[in-house]
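Before anything else, here is the set of structures, which you'll find just below.
Here subunit A shows up in two complexes: once beside subunit B, once beside subunit C.
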Partner chain A sequence: MLEKLLYQGLIGLSFSMYLWLLSAGLTLAFGVLGVLNFAHGSLFMLGAYASFTFYGKLGLNFWLSIGLSLASVGIVGAILEGLFFRRIYDLDLPYQLILTFGFILIFDDLVKMIWGGVAMIPPMPRFFEGNLIVFDRPFPIYNLFIIFAGLAVALILWLVLEKTWWGRMIRASATDREMAGAIGINIPTLFTTVFVFSAMLAAVGGALGTPVRVVAPGIGTAMIVQAFVITVIGGLGNLKGAFVGALIVGILTSFGILLFPVFELFIIFVVMAIVLLVRPEGLFGK
Partner chain B sequence: MAKKMTRRRFLKGAVIGGVALGTGLGGYRVTYGQAKKAAGPIKIGGQGAISGAHADYGWQMMAGSTLAMEEINARGGVLKRKLELKFMDEELKPATAVKNVRYLATEWGANFLFGVDSSGSAMAIGPVLPEVDRLHFFTHAATHRLTEELVAQKGIKQIFRMVAPVYQDALAAWVFKDTPEIKRWAGINCDYEYGYVAWNLFKENMKRFRPDVEFVAAAWAPFWTMDFSSHIAAVMAEKPDAIFSTPWAGEGVMLLRQALMLGVFDKIQAWWQGMGGSVDLLEGISREVAADKFKGKLWATARYIHNYPVTPENKAFVAAFRKRWGKFPNYSAEASYSAIYAIKAGVEKAKSLETAKVGAALEGVELKTPAGIRLIRKEDHQAIYTVPAGKVIQSPDYPLPVLGDLRIIPAKEYFRHPPFTPVAATK
Partner chain C sequence: MGDQQNLVLYLFGPIIPVFQCSDPPKDHWSLLIDFMKLRIVFFAALILFLLLLPAFAGKYLLYMSIHILLLSVFALGFNLLLGYTGLLSFGQAGFFAVGAYASAKILLLVPSLLLGIMAGVVAAGIAALILGYLCVRHTRIYFSMLTLSFGMMIYSLAWKWRDVTGGDDGLVGIPRAAFEIPGIFRISMSEMGSYYYFVLVISLIAIFMLYRIVNSPFGLTLKGIRDSENRVAFAGISIRKYRLISFTIAGLYAGLAGSFLPPLENTVTPPIAHWTHSAEPVLVTLLGGIHTFAGPIVGAMLFYVIKDIIVRFTQYWLIWFGSIVVLLVLLFRGGVVIFITEKIWPLLKRKQGDRT
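Let's look at the complex of A and B:
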């Protein structure tokens, strides 16, 4: 039984890492810019489409394709922030909801126009095929890679935010925008950079998923609900919270499927409800 | 007081005038509509999923029905009138599907309706049909309740289903009943009605044939599941001999590819992929089949497969479809193609476009279609025809994998028959 649980936990861990990549950008944008970006899932979807095009269609190297898809989604992010989101920072949440929700619809229709509505599946890179024996059962190399990729992103984010000058500027602006501006931080540029960074985080999640998942309009919306649950559990705007939230949701879902297959879907919502009742600001929220 | 009286009078006048104007206009409209109908085309409104992971099914419906209409129009139409198609996105959402039906029937003026991928949408549309009074030919939605409950029990005569329902998925019980070494079955199924009923029907029949069989695990995946690893790992923990699974289209492809990554085909003896015989799914796993990754253990059926039956009708249909669209037809294409021909047959027999007359004309008829002879059963308006099961293989005759080693079991054996006993539609 223990081995069964550990194996299932490991599978859940790899699922958590996808969720973490998606929630990290979402919570970062909220924490620093104060924008609740419902279209974050669309950026995830664009990352998947871009890497599908570079890797699956044009036959470029897998890693190069991921890099190019990050760059493309980064550019989209810069345009979004510079032309649209910048104008709503000071407005109430409902305005943000309307604008970002509008972008979900626009992006879903755009990808339908460019790539068509039918789901597409690119080939799996050779080096990801095969598996290792873990707890006496085969565990895919690809899932192992996703776990490492997720942890690496977490480490990089922590180093950037905690140990660099740029990270300090971001934290300062998140705490007090006006004061940060007064001491000479160029807030608009910083915000654009942070938003681009957040868009690229979404794109990593989308791009890394392409070899095993389908690429279709709407995949972003399907994921974003879980990402919101995670940020609510962890505390909106808190990266540590998003990481822990993703672990909780991913691993609980996986255990739920093993132990309570009939109720599995609502387990994470129960957890969210409990967190909201006991600590409405989230586990790591202030 | 006087003012009040004036207003009341005014209102009264306005209401009467409005009613008169409304009726007048309405009358004018009706006449205009009828005059136009006599000369204009017969309008056929369809809907299916044309976006998302299941989008190929809606596209195939559109392709199959378009082909049938082009053929019929080229030969002079139906009762000397051309057929005209409008196809809408159902989005797999019941609310959208109902909205589409209302729009197509009342605003666009459809004479007949067809399509619908999701069972949830089909069950939502069913009760609306008597109200809009149009025949609806379902060409994919598979829930048994559509025909068993809504037609046979509640008497909604506007519903016809051209496609094999969820009974088809339970065919696995007939295919594997004589394989004594497979004793432990696990299920990875859709977390909605189709998945529940398919799994329950399979268990019920399998248990009847083989009391020694055990059902050791079940995992449930909702629409939009993209990562099936947890589901696969959970059922594999119980060391099953075989897996019964229902996710379809892009989700079926992801499930199978993720199962390969988890080394499932080294451990099990057979995997039944209910709708694995659908062209889009076979296309999605073609690289893996070519490399023999499934080790000859992947079995499937569909609601029609293009390599069965070997009849002139089917050969002509597949050739025409490939010529027109450059692709092989899947079952929603064939069912939609046959639905258009069923409309033609019904209208010509009834010599009318009236819903009740065409409906009555179709009850109990046998139609020669690409999938074989379809009998439209009188009691539940379900088309009865046989679709075999087979092993997913690479054949030198086709560019894509096909079902081979076919097991042909007559539909009469594995379809349910009236009077219907309830099947649990729960997990």
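Let's look at the complex of A and C:
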């Protein structure tokens, strides 16, 4: 029994890392730009489709295709921020949300137009095929890779935000936008780079996730609520919180499927509501 | 030219005040007179048009009109929260679904349309009262997130709790039962036209009741809370209680809209509870105009008209609708109604003034 639970925990851990990749960019963008981006899930979906095309269709090298997916979603992010998002930072919440929602509609149909409406299963890279035997059960090597990738992204994010000049500028403008601008930080440019960075984080999640999940239109809208749950649990705009939130949601989902399959999704939203009611600033909020 | 402008003023002049919601509170009768008399040209025409619609409209147009009425009721209730109370709910689809599922359940048990609709409204109202009690503790984005989480809870129940909700197949074979009070009268609803009249009459009553609510001292208090929470609180008014009542009314309207659906479609499925469906009232309210009473109605009409037009040209209508939404936020933030009353209307007026 214990082994079964540990194994399920491990499965949950790999799912958590996947969720973490998805939510990191969302919470970063919210923390700095102050906009809750509904279309973040769509950027994730675009990342998945891009890597499906580069790797599955064109047969490029796995790592190269991930790099290309990142670059292309990054460009989409730059266009989005440069043309649209930068005009809504001072608007009321409903307008911000509905503009980002408009992009969900656009991207969902765009994807259908280009790749068709059917769900597709991309191929698994050969060097990640196969299973490890953990507690007498097969554990896909790819899941192990996802765990490491998630931890690596967390480490990179921490290094970038804490140790580089750019990270320092980001933290400064997240704390006080006007003051940061007053001491010479070019806020519009910084915001664009942060948004592109956040879009690329979404793309990493989408691109790395493709070999284990189906690629279909609408995965963006399904994933974005999960990301909302995670960012709310951790505290909106809090990266450390998002990491812990992803762990909680991932492991809870994994055990939920095992223990109470009917209410697995329900429980996650109960946790979200409880956090909002008891500690709206999130587990790691100020 | 001049005569044409006069004609425009003559025909559409009476519409304009309907769209503005800044009148001070009035008593019941003068409101009813306002509602009917002052705008009598417009309303007589509109209601006559709506009443005569089944005479010349095909089944499809009637079906669309029912959907427009349904979305109008849904969005009007939502706008009581957003436009009048200043709270953005992203979980209204949850109450819509509670209404739809409750009325479907009742209709499957007892074939009585009235009972089904009442069950939907009551169930949604109770759900809104209970969840609202928790939701109104917060405002702004935390309120939106909290409503989103409750809405998604309802969605996950609709999707997974197979014994009660039928799971992802939903509930099927719901009859469009007759509108009947046993022993007094019975009107069959098997014709689309009859069901259209039923929805039309109930919607008009509901819309007038809401008009009455927003123009009452209660509505004024809500607007006060929206604009300056602290001042209203200092006046000794329990803000939370007012927000809760507003939330419950919005839930009742969502439930009413939801309970219109099962008899129309003969089926209910979980996607009506999904958060993307919660975005629909937000969308049409912003489209029509958030700070006007009729905004959501105009938005609901535009929503279906735009959809119907685009679908004729391409199956990918969401790209174009999404683009319209983006342009709306960037260019016409007040919504269509404000755009007409504040941009086009004064233009016509000024031209008329120039000549005299």
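Just so we're on the same page, the second predicted complex is superposed on the first by the 286 of 286 C-alpha atoms of A that agree within 3 Å, B and C clash if a C-alpha of one lies under 4 Å from a C-alpha of the other, contacts with A are read in each partner's own complex, and residues count from 1 in each chain.
Note that a residue touches a chain if its C-beta (ideal position, glycine included) is under 8 Å from a C-beta of that chain, and two chains touch if they have at least 3 such contacts.
Just so we're clear, the structure is a prediction, and the values are computed from it rather than from any experiment.
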Q. Putting subunit B and subunit C onto subunit A via the overlay, clash or fit?
A. clash
Q: Go through the superposed model and pick first if A:264 touches only subunit B, second if only subunit C, both, or neither.
A: both
Q.
Quick check on the superposed pair: does A:140 touch subunit B, subunit C, both, or neither? Answer first, second, both or neither.
A. first
Q: Figure out whether A:112 sits in contact with subunit B (first) or subunit C (second), or with both, or with neither.
A: both
Q: With the two complexes superposed on chain A, say which partner A:277 touches: subunit B (first), subunit C (second), both, or neither.
A: second
Q) Looking at the overlay, does A:217 come into contact with subunit B only (first), subunit C only (second), both, or neither? A) first
Q.
Is A:228 touching anything from subunit B or subunit C once the two structures are fitted on A? First, second, both or neither.
A. second
Q | Part of subunit B, among the options 117-125, 171-179, 225-233 or 405-413, whose backbone runs into subunit C after overlay | A | 117-125
Q.
Taking the stated contact definition, name every residue in subunit A that is touched by subunit B in one complex and by subunit C in the other, in rising order.
A. 108, 112, 261-262, 264-265
Q | Complex interface listing, subunit B residues touching subunit A | A | 50-56, 59, 191, 217-220, 222, 224, 226-227, 229-231, 233-234, 236-237, 249-251, 253-254, 257-258, 261-263, 266, 280, 284, 287, 427
**Q.** Touching residues (chain side subunit C, partner subunit A) in the complex
**A.** 82, 88, 90, 134, 137-138, 140-142, 144-146, 148-150, 152-153, 156-157, 159-162, 274-276, 279, 282-283, 286, 290, 316-319, 321-326, 329-330, 333
(Q) Please output the residues of subunit A touching subunit B within their complex, sorted ascending. (A) 4, 7-8, 11-12, 14-15, 18, 108, 112, 116-119, 121, 123-124, 129, 131, 137-140, 142-143, 209, 212-214, 216-219, 222-223, 253-254, 257-258, 261-262, 264-265
Q. Across the complex, what residues on subunit A touch subunit C?
A. 36, 84, 87-88, 91, 93-95, 97-99, 101-106, 108-110, 112-113, 221, 225, 228-229, 232, 236, 261-266, 269-270, 272-273, 276-277, 280
